[in-house]
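A, B, C and D label the chains in the order they appear, each numbered from 1.
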């Protein structure tokens, strides 16, 4: 059907017919590429698509720092960071497959439309062969779908909703970050130990997909342990003052408040909850407690002292003492002067994993890379032994349960790790009910699309 | 049997009684002047004819149809046009556009989704609008933006717009206010011509007695919200009630 | 010609030439040169430029002509997008039903919103439209998730019903097409150091824009358009001239709503995804800014404004520090650092700052928007060629 | 019953924030006829006055603590505020603790200055320009202001806690002899409410009892006449703008302990404050205040579980729904005057 095929800049760069005087115009109709944006010169371009404006701009900036660090390491600069501790030893510091790594950046604005526009410009204009980044699930799902269509690998950044590798999973998309289910599964036993199995929970949930999956995950795992959910209330995304949602909590007879909020919502709802003195109260003869299923250290700083003693989960934390984490913190810290965030960590890992997969596959072809990543087991990237599961392209690794630190020594020292929940406890079947679509059907990951 | 019959109209603003029991009868084809001192309620009365105000009580019949409670544009479509004291024109548009809008209003009624034909292609409307501008002697200013006109020109433009609608009743609210003597005389001549040529009924509010007595066939004198005299011009001058209302001395 | 006068036909011809040759015009710099960063001739941006051009043209029919400032037009764009994506999911991957449905749905939606909002004028009207749009956004993002996909939006899936299409093979990707031509297909022309991309989707969107622009000229020049301008100028006089203004404003509102729906449908056709944030008030604000920036009430101004803002959003935001360093690499190191430090806050993540400054500069120095700038430049030339400028006063067409 | 009392309290508190922001906006809107999209930015700048003051108070020199280590294993750098050296550690800590109330003193002159500069330098030239131009220029200004703040302070929220004395909450339940902990309310929010009431009262008194205020009120009712009376409106407009900026800024300063400020908080409040002003009615100060409280209380009620169960999603749209209903039943908002911003 289609006679016009996609051709990309990568081709042009190498085959450009630059004559001194007159040049023959060449009209390329049939693609000479085996896959979208096949790099043919001495370099390969990666697209770093992060929020640079809007509420998550600081997280985006931290991701960008980690990307730059990863590029530096891949090209043989710096101290090599986690390349030295990574269990796979394919990366040699000579770029990827001998090609120098170059990058382009874009602004997702934390909006699906803007993120897709930016990703498309990287694919169409800059010839990027892989897109990575983002700081929300809406953006991740939208860009992942785009990459599937365009025949590009998408290495998700910070996205925590089950959907990214659940009902919206795509063959060209991969996620290193953990998800709502894992947060719930990791938190429940720790909460049980700390607060007892006989608790009444009150959920405040951000009224959008990520909030729904998180609430469901936390609810089901805490209820399985014996907790009772007395109420759950949805709060608008655009809410800034949560007082009218917090105020009725005490009257409900609940003794735990679960805040299924992220970013600015989380900072505000937590601040408001502490303001209302919830944590000073005794309900049902027990101390009232607050739980934040997903922590962002960068954002949590905005809540100041209010995070002290509050449990939550996180993908990674700079205080971990394994070799990989130490190497990453060292090279990041020496370059930028402060420790990296979990967002920085996950995108650094994603870049390394992509590069390594390309090396092992011997190609940048998305299908080759997908094959190399599927079922790949690795270690040394800061989360212990990790599996990139073939069925849903989700990484399975230990999950950190953290708590707001009581006596922080610096502005970065906000959280402390209380427990490393082993990977077995957070693993689920690929067709787990929480990963199904609206009709309850399991979704397959599909087939990779190399484009072209 | 007049074309405009006003009976027992009352209108109060808060405690202030602006019109009390006004009766008025405008004969078809005549020029009827409404005069009276400042604050007598002349403009208020006119506002009751065009749907801008609704009287508290009484009837206003135009062509035997009540004008009360119907929308301004409906009243206009019945054939009542008004020239305002301060000219109400489309000041961002050109003189020509101002007039042709009125032509379209006459032809197409209150609403017509005439979105695809171009204004330029409507030759008959063009001719009509041009004729109106010739009538009011403004054809050479047709491409000027209305807001840039002098006050006298603005009023002439407004008159052209009203005439373009072929009204049955033309209400004129101080059509010569602020005009120089020469302009005033031109306006009088213009109105006379129109009257002679088209026989349009006119109700005119005026302070300038020169204008009133040049044009009017009948005069109603309004004072303190009520009509004290309604008579032929020659009988008005000597009427003691009128002199009293004006505190001795014509304007 | 085509029912247009000479001047308008000339304008239309210029627009057609510009859109046809946009792949050349937008890629003025050779591939690989330092300034290639400023090239905008890639499919996605070219598509967006014309689609948002359509949106702004439609908005201008309402705002530019009647002066009614709607702060909720993004809702119609969003409604059109959702209608479009559902057609693609339910009926066929051919974009035609999607575009038709998006125009109809947006038209109906704007009829309801307009019917209610036009009971008020001025700022009260603006807030009513804003309220409707914000409600649409909030509900689409949350409780309407089953219909709208909420945060993650809607994309076509292999498993969608698509009752008019043959089933896709497992593993293929659903791609929007126009009778077999895929929207994201392109071919490239390589000419010396330059590369020009010709994209199917862009040209389809461009055809729609040219038609939309043509219709807008016709509306501007029609009695209907004249009445709309009269509404803006003096609504009271219009009523006393026997014309009911509400049907006119409502018609203008619905027409501009349909334009917004068309833009939404085209967005979905070019990039098969619909999300709620398209309806957020900032999106409504953006089209207002596009129109004012370009010059509201002028024919071509809104298109320029739309192009300007979208260009900034997509090009300036992508310039990062390393590109900046490369630009100034010919300088001694200290000077290079100095210039990088000066420009850095204005590019990349600072693109908003630059945009804000430009808004202010334009409105301060060019009170009629970008069109005013164009007019001043052409006046400058005219003055040089003509000695008498006495009758240079604004004298719009219409006379004969 | 407790729940309703609680939500009324919440509504009053929220409403006082809305009313305070809307008050400044309506002063500019109603008196000067300027559509000021930068008003939210003024609120935000007020909040960052508090952040800046608290940063200045904690301005520190670093001391190496050899006994502890930082994240890279090097000796920990400990910040010691200069203020300790001036006032000693205890007094220094108290001053830092009270940084938000202290900020108020500084914020008033700063905000008036910003307002005056804005009016003289920019807004003044736009009085006679179409609303569209006003929107474009003030929106541009708002973006610039917020990007400048982002450049210096980052995008993340910055904690600015209330003084220790105002942490915790007041138990209305116990006071009223009801069940303890049934109705509790944070001290700082009560302070915010009281503060708003004082500011609103002060603005009203200023407009009611001073000649300046009389002129301004006359100007709001009929701008042309006041101009015709030969009163120097220019100078008064400048002062009005400064006053409005100060009110917005104070609202921002006091808001910081309630929610940590970030650079886009102004935009978050902008739309809402326009809705409040318009629902209240253009040109009416008391309308703005009334609408602020009304919307605050209704928003609070809409977030109650019983309400949400009956009408899912109502909390998302309540403000806009109320705005539509009010504007359809009362053509000029709750207390609007004819002819203001209707053209």
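Assume a contact is a pair of C-beta atoms (placed from the backbone, for glycine too) under 8 Å apart; a residue touches a chain by one contact, two chains touch by 3 or more.
Note that the structure is predicted; figures quoted are calculated from it, not measured.
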{"item": "Farthest chain (mean CA position) relative to chain C", "value": "B"}
{"item": "Central chain (distance from its CA mean to the mean of all protein CA atoms)", "value": "C"}
{"item": "Inter-chain centre distance, chain B versus chain C - centres from mean C-alpha coordinates, in Å", "value": "46"}
{"item": "Distance between chain centroids, defined by C-alpha means - chain A, chain D (Å)", "value": "35"}
{"item": "Chain centre separation (chain B, chain D; CA means) in Å", "value": "52"}
{"item": "Centroid spacing, where centroids are CA-atom means, of chain A and chain B in whole angstrom", "value": "74"}
{"item": "Chain A residues counted as touching two or more neighbouring chains", "value": "57, 61, 207, 234, 236, 238"}
{"item": "Residues of chain D whose C-beta touches two or more other chains", "value": "313, 316"}
{"item": "Shared interface positions of chain B, touching two or more other chains", "value": "none"}
{"item": "Touching chain combinations (by label order)", "value": "A-C, A-D, B-C, C-D"}
{"item": "Chain A partner contacts - residues on chain D that touch it in the complex", "value": "2-3, 6-7, 9-11, 13-14, 17, 68, 70-72, 76, 150, 154-161, 167-169, 181-182, 184-186, 188-189, 258-260, 262, 264-265, 268-269, 299-300, 303-305, 308, 313, 315-316"}
{"item": "Contact footprint of chain A on chain C as seen in their complex", "value": "31-32, 39, 42-45, 48, 138, 141-143, 145-146, 150-153, 155, 158, 170-173, 175, 180-182, 184-193, 195, 197, 200, 267, 271-273, 275, 277-278, 313-314, 317-318, 320, 348-349, 351-352"}
{"item": "List of chain A residues in touch with chain C within their complex", "value": "1-2, 4-7, 9, 12-13, 15-19, 23, 25-29, 52-53, 57, 60-61, 104-107, 111-114, 116-118, 120-121, 124-125, 136-138, 141-142, 145-146, 148-150, 161, 163, 168, 171, 207-210, 212, 234, 236-238, 438, 446-447, 449"}
{"item": "Touching residues on chain B, where the partner in the complex is chain C", "value": "50, 71-73, 76-77, 81-82, 88-94, 96-97, 100-102, 104-106, 108-122, 126, 142-145, 161, 165"}
{"item": "Partner chain D, residues of chain C touching it in the complex", "value": "63, 67, 69, 116, 119-124, 127-128, 130-132, 134-135, 138-139, 141-144, 281-282, 285, 288-289, 292-293, 296, 345, 350, 352-353, 355-360, 362-364, 367"}
